[in-house]
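One structure, pasted below without further comment.
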Amino acid sequence: MSLTKAVCLPSSIQICRHIWTHFRRACATISGYRIMRPDDANIVGNVHGGTILKMIEEAGGIISTRHCNTQTGERCVAALARVERTDFLHPMFIGEVAHVSAEITYVSKHSVEVQVNVIAENILTGTTKVTNKATLWYVPFSLENVDKIVEVPLIEYKSNEQEIEGKKRYEAQKMERLETKQRNGEIIMPVISPEPFSVGFSQSSLIHLVGPSDCTLHGFVHGGVTMKLMDEVAGIIAARHCKTNIVTASVDAINFHRKIKKGCVVTVSGRMTFTSNKSMEIEVFVDADRVFEPEKYRAVSAFFTFISLDKDGKPLPVPPLKVETEEERKRFEEGKVRYLQTKAKRQTEKARQQ
Amino acid sequence: MSLTKAVCLPSSIQICRHIWTHFRRACATISGYRIMRPDDANIVGNVHGGTILKMIEEAGGIISTRHCNTQTGERCVAALARVERTDFLHPMFIGEVAHVSAEITYVSKHSVEVQVNVIAENILTGTTKVTNKATLWYVPFSLENVDKIVEVPLIEYKSNEQEIEGKKRYEAQKMERLETKQRNGEIIMPVISPEPFSVGFSQSSLIHLVGPSDCTLHGFVHGGVTMKLMDEVAGIIAARHCKTNIVTASVDAINFHRKIKKGCVVTVSGRMTFTSNKSMEIEVFVDADRVFEPEKYRAVSAFFTFISLDKDGKPLPVPPLKVETEEERKRFEEGKVRYLQTKAKRQTEKARQQ
Amino acid sequence: MSLTKAVCLPSSIQICRHIWTHFRRACATISGYRIMRPDDANIVGNVHGGTILKMIEEAGGIISTRHCNTQTGERCVAALARVERTDFLHPMFIGEVAHVSAEITYVSKHSVEVQVNVIAENILTGTTKVTNKATLWYVPFSLENVDKIVEVPLIEYKSNEQEIEGKKRYEAQKMERLETKQRNGEIIMPVISPEPFSVGFSQSSLIHLVGPSDCTLHGFVHGGVTMKLMDEVAGIIAARHCKTNIVTASVDAINFHRKIKKGCVVTVSGRMTFTSNKSMEIEVFVDADRVFEPEKYRAVSAFFTFISLDKDGKPLPVPPLKVETEEERKRFEEGKVRYLQTKAKRQTEKARQQ
C-alpha cells in the first residue's frame, strides 16, 4: 500500500479524531464504519446507493448538530438543507466494510458545509476503494422552537484561501437552492396499458408511513431516510426499464425545501426522463401528506442516474427511452443537456489532472 | 428431570419441550414473546395490526415447518396458504410484551392447520389481555423442488371429535380457497383531483423490493411480511379517509395463491369499499412483478376492517364513503353484506356463550 | 379466573402462565424463540454473537422488569448492570430457530440475577444444541425518578443452599464490579501506516446515533443493543487481523457503569490485546457523547474472544499479534494471564464432571 493511498484511508480521519478530543471545536470531524448486510444490497450483492446516502447523511447530521451545540445557548438539531451532486465511483458489496468520515469544511451564519468520504474495505483481502465524496449543507433549528434557525459557531480555517473558497461554494449553492424552489406541483400521472420502454411503462411510486426511527430528536425525517426511499423508487424504475442488474451511478444536487414530520405519509414517485447509450436518468418527487390535515406538499425532488451491469460488473447498453408526448420530449432534451454538461465537466477535470 | 425442575424451566415450552423431545409428533406447540418498540406502533402508541400478523405468521411457519420435517425424507419448508378471518380484540401498546403461542390443531395429507394466540402483557402493571386468535393453513414445499408439495406427517388427536371437527374446517376452507382463485386482474385506477371521502380520495399503493430478510430459506416471501405490507396500505387509506387515529379491527380470510420470490417488486394497493357507522372496510391487492421478466401477477387480495379511535381509545363515528360509480356502489353493497353477516355471526356466538 | 377463561389462554404457555398468575413470584421464567435471518449473520451464515447477546439481554430485561413490578408501589424498569463471562458453545446458523429461556435465580435488595439459556434448533433436521448459558444482573430504576433505585421483591428459593449460593455469587460480582469502575479514560490512538498483524493494523471504531427503538421505556439504551455494537467492532477487528471467517467464542464479564440516553452518539472502539494459537482477545470500549453537552464518558468496556474457522467450521491457527510498544506488551501479558486462568478453570470443571 503506497503512501498516497494511505492518506485516503480511515486512519487519516482517526488522527483528526485524536486532535478533536483536545480541540473539539477546531477539528470538527467524525468517522465510523458499518458492515454491509444482505438487506443493504440487491440480489446480486451490490449495495443500494440509498444505503450509502443514508450513512453519509447520518454522519453529516451528527457532526453538524454537535458543532452547532458547542456554544452555550439554545439547543438545536441540524437539518439537511442540500446535498451537492454525488457520484458513486465504485459499487460496494455485501460483507465489505463501509468507512464514512465527515468533516466540517465551511460555516456561514446559518449553515454548515460538511464533506463526507466513503471508503469500501474488503477486510478479507485488505483492498480499499473510495466510493463516494459528498458535500452536504445543514441548517440548525432550535429544539424549543422548530421554526427558528440558530446561529452557527465559527470554525478555524487552515488558511485564508480555504475560507474564501468555502464562501464561494456557499454563494453558489444558495443561488441554486433559490432557483429550484420554484419547480413544484407536477404530478406523475399513471398510464393505462403502456408500451414497453415508454415513460409510463416504468414509472413507479411508493408510500411510506414515517416512523420514529426515521426521525431526528425533534421529530422530523432524517434527510438520509428520504434519499434512501428516493433511490429505492429510482432503482425500481431503472430495473423495470432495462430488466437487468442496475446500480446508482450519481445523484444530482438535492434541495430539501420543507421538513417532513413524524407520522406523515410520504409519497415518493418517479419517471424516466432520459437515456444515453449506457445510462438512465430518473426524476424523483417526494410529497408529504400530514394525513390529519388536508395539506399535501412537495418536499423534495431530484435526478438520479443509473447504469445497467452485466454479470462481471461491466456497463451494458440501455434500451432507449420511447418518448411519446411533447412534455416527455422536452424533458428528454433537458436530460440530454444535463448529461452532456456533466460529461464535458468530467473531461475538463480529467484534462486538468493530467 | 425432577418435577421441581420442570416447574422452573422456561415457562412456555418447558413442559412441552420436555415431552416434545420424546414425542415430537404429539406435542407440536411453540411459544415466544417480543417487546413492542416505537417502530412497531403509530404515533399514538398503538401497535400496528401488521406487526402482530407478522409475529403470528412467524410462529405458524416455524411450527409447521418443524412438524413437516419430523419424518425422514425430503426436507421442506411450510408456506402460508391461508389465514382465516382474524379479529383484533384489544389494541396493544409500545412497551407491552406480546406473547405468541402456536399449536398444530389439524393436518390433512398436504396441509397443516395452526392455531395461534396472542396475549399482551403489561410488565409494569401485570395485566394481560388476549388480543388475537388466529387460524393459519400451511402447505409444505420441498426444498429441492420448489413446486413439489410434500406429504404431512400425522398428528395424534385428543379425541375422535377433534379430528372430525378439524376435517370439517379443512373442507370448508378448501371450498373458499377455490372460489377466491377466480377473483383477479382488477387494477386500482387513479383519479384526478378526487372529492374528499370518495374512494379515489383515499386509495393508495406502495411498492416494496423483496429483500433477503423478507424471505424463507427457499427464497420466497414470508406470508407475514406480505400481510404487514397489506395492513400498512390499508391503515394509510383509513387514516386518509377519516384523518384520526385508526387501528386494525379485523382481517377477512386471506388466500395466498401464488408464492412471491426474492428480488421481486411487490405492489400493494388498496381502496375503501364500505363504511358503517364506526368501521371502514378496505380491499387490498398484492401484485408481484419479477422485474427481469415481463410477467406480473396477482398474488394475494383481502379485506381489512379499521376503526377510528378518540384520545381515550373509544370508537369514533366514521365519515360515510361517497360512492360515485356503479362499480363502487356494487362493492359498497357487497361490503355491507359482509358487515351484516359478521355482525349476525358475532351475535349468535354471544348468545351461545350465555 | 374461571375455568373457561383459563382454557382460552395460549395453549403452550398456558400451564405455566396459569401457575404464574397465581404464584407469580415463584414462576419467574420466560421463554421465546426467533428465527435467524440473513442480517443476523455474517457472509458464511454464522449468526453474530452480538445478535445472541441482544436476545439474551432482552429476555433478562423483560423478566426482571416484570418481577420488580410485582409489588404495588413505584413502577420501575430494570437496567442491565452486569453480564457474567459468557461462552459461545456452538455456532448458530441462518434459518435455525433460537430458543431463549430466562429464569430469576437470585435477588438482593437492589439487584436481580437472571440465568438465560439459548438453544439452537434446526427445524429441518430436528437437531438442537445448547449454544449459550449466561448470567445477568439487573438493577431496577424508578420510572418517575430515573436516578432512584427501587427495592426488589423477594423470590422463593427451592432450598436454603440455593439462596446461600446466590448470595455468594452476588458478593463476588459486587467486588468485581467495584474494581472495574476504576479502569477508564484510555483512548485508542490511531497509527499511521501500521504493520500487518500489529495492534494498530486491525484497531477500529464505529459511531452509532441512539434511536428510539434502541431504548427502554424510560429512554435509556438497552444493554443488549450496546453489546451487539461491541461484538460488531470486535468481529471486524478479528477479521482484519486474520482475514478469515471468525466467530465470537466468549465475552468476559461486562459491567455497565453508566446509562446511555436516547439521542446520544455512541463511539465503540476496540483493539486486539492478545493472541493464543487459536484465539484472539479484543478489548472494546464504549463512549457516550450527549452531543448537546460537552461531556463524554466511558460507559462500558469488555474483552471479547474470537476464533477463526475454516470452511468446515474447524478452528484455524491465528497469526500472532505483533506487539510494538511497552503498553501493548503489558496488555498482551495481562491477556495471557486471563487466557491461562480461563483454560485452567475449564480443565478443573471438566475434571470435576468426570
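Annotations
Note that the chains are named A, B and C in the order they appear, and that numbering of residues resets to 1 at the start of each chain.
One rule holds in what follows: a residue touches a chain if its C-beta (ideal position, glycine included) is under 8 Å from a C-beta of that chain, and two chains touch if they have at least 3 such contacts.
In this text the structure is predicted, and so the values were computed from the model without any measurement.
At the interface between subunit B and subunit C, two copies of one sequence, more than half of the residue numbers in use appear on both sides, so the contact is built from largely the same positions.
When C-beta pairs in contact are tallied for each pair of chains, B-C comes out on top. Averaged C-alpha coordinates put the centre of subunit B at 34 Å from the centre of subunit C.
Looking at subunit A, residues 38-39, 212-213 sit in touch with two or more other chains.
Contact residues of subunit C toward subunit B in the complex are 8-17, 19-21, 24, 26-27, 29-35, 37-39, 58, 61-62, 65-66, 69-70, 75-76, 94-95, 97, 99, 101-103, 117, 121, 123-126, 128, 143, 158, 212-213, 217.
In the complex of the two chains, the subunit A residues touching subunit B come out as 38-39, 42-43, 189-190, 192, 196, 204-209, 211-213, 232-233, 235-236, 239-240, 243-244, 262-263, 265, 289, 291-294.
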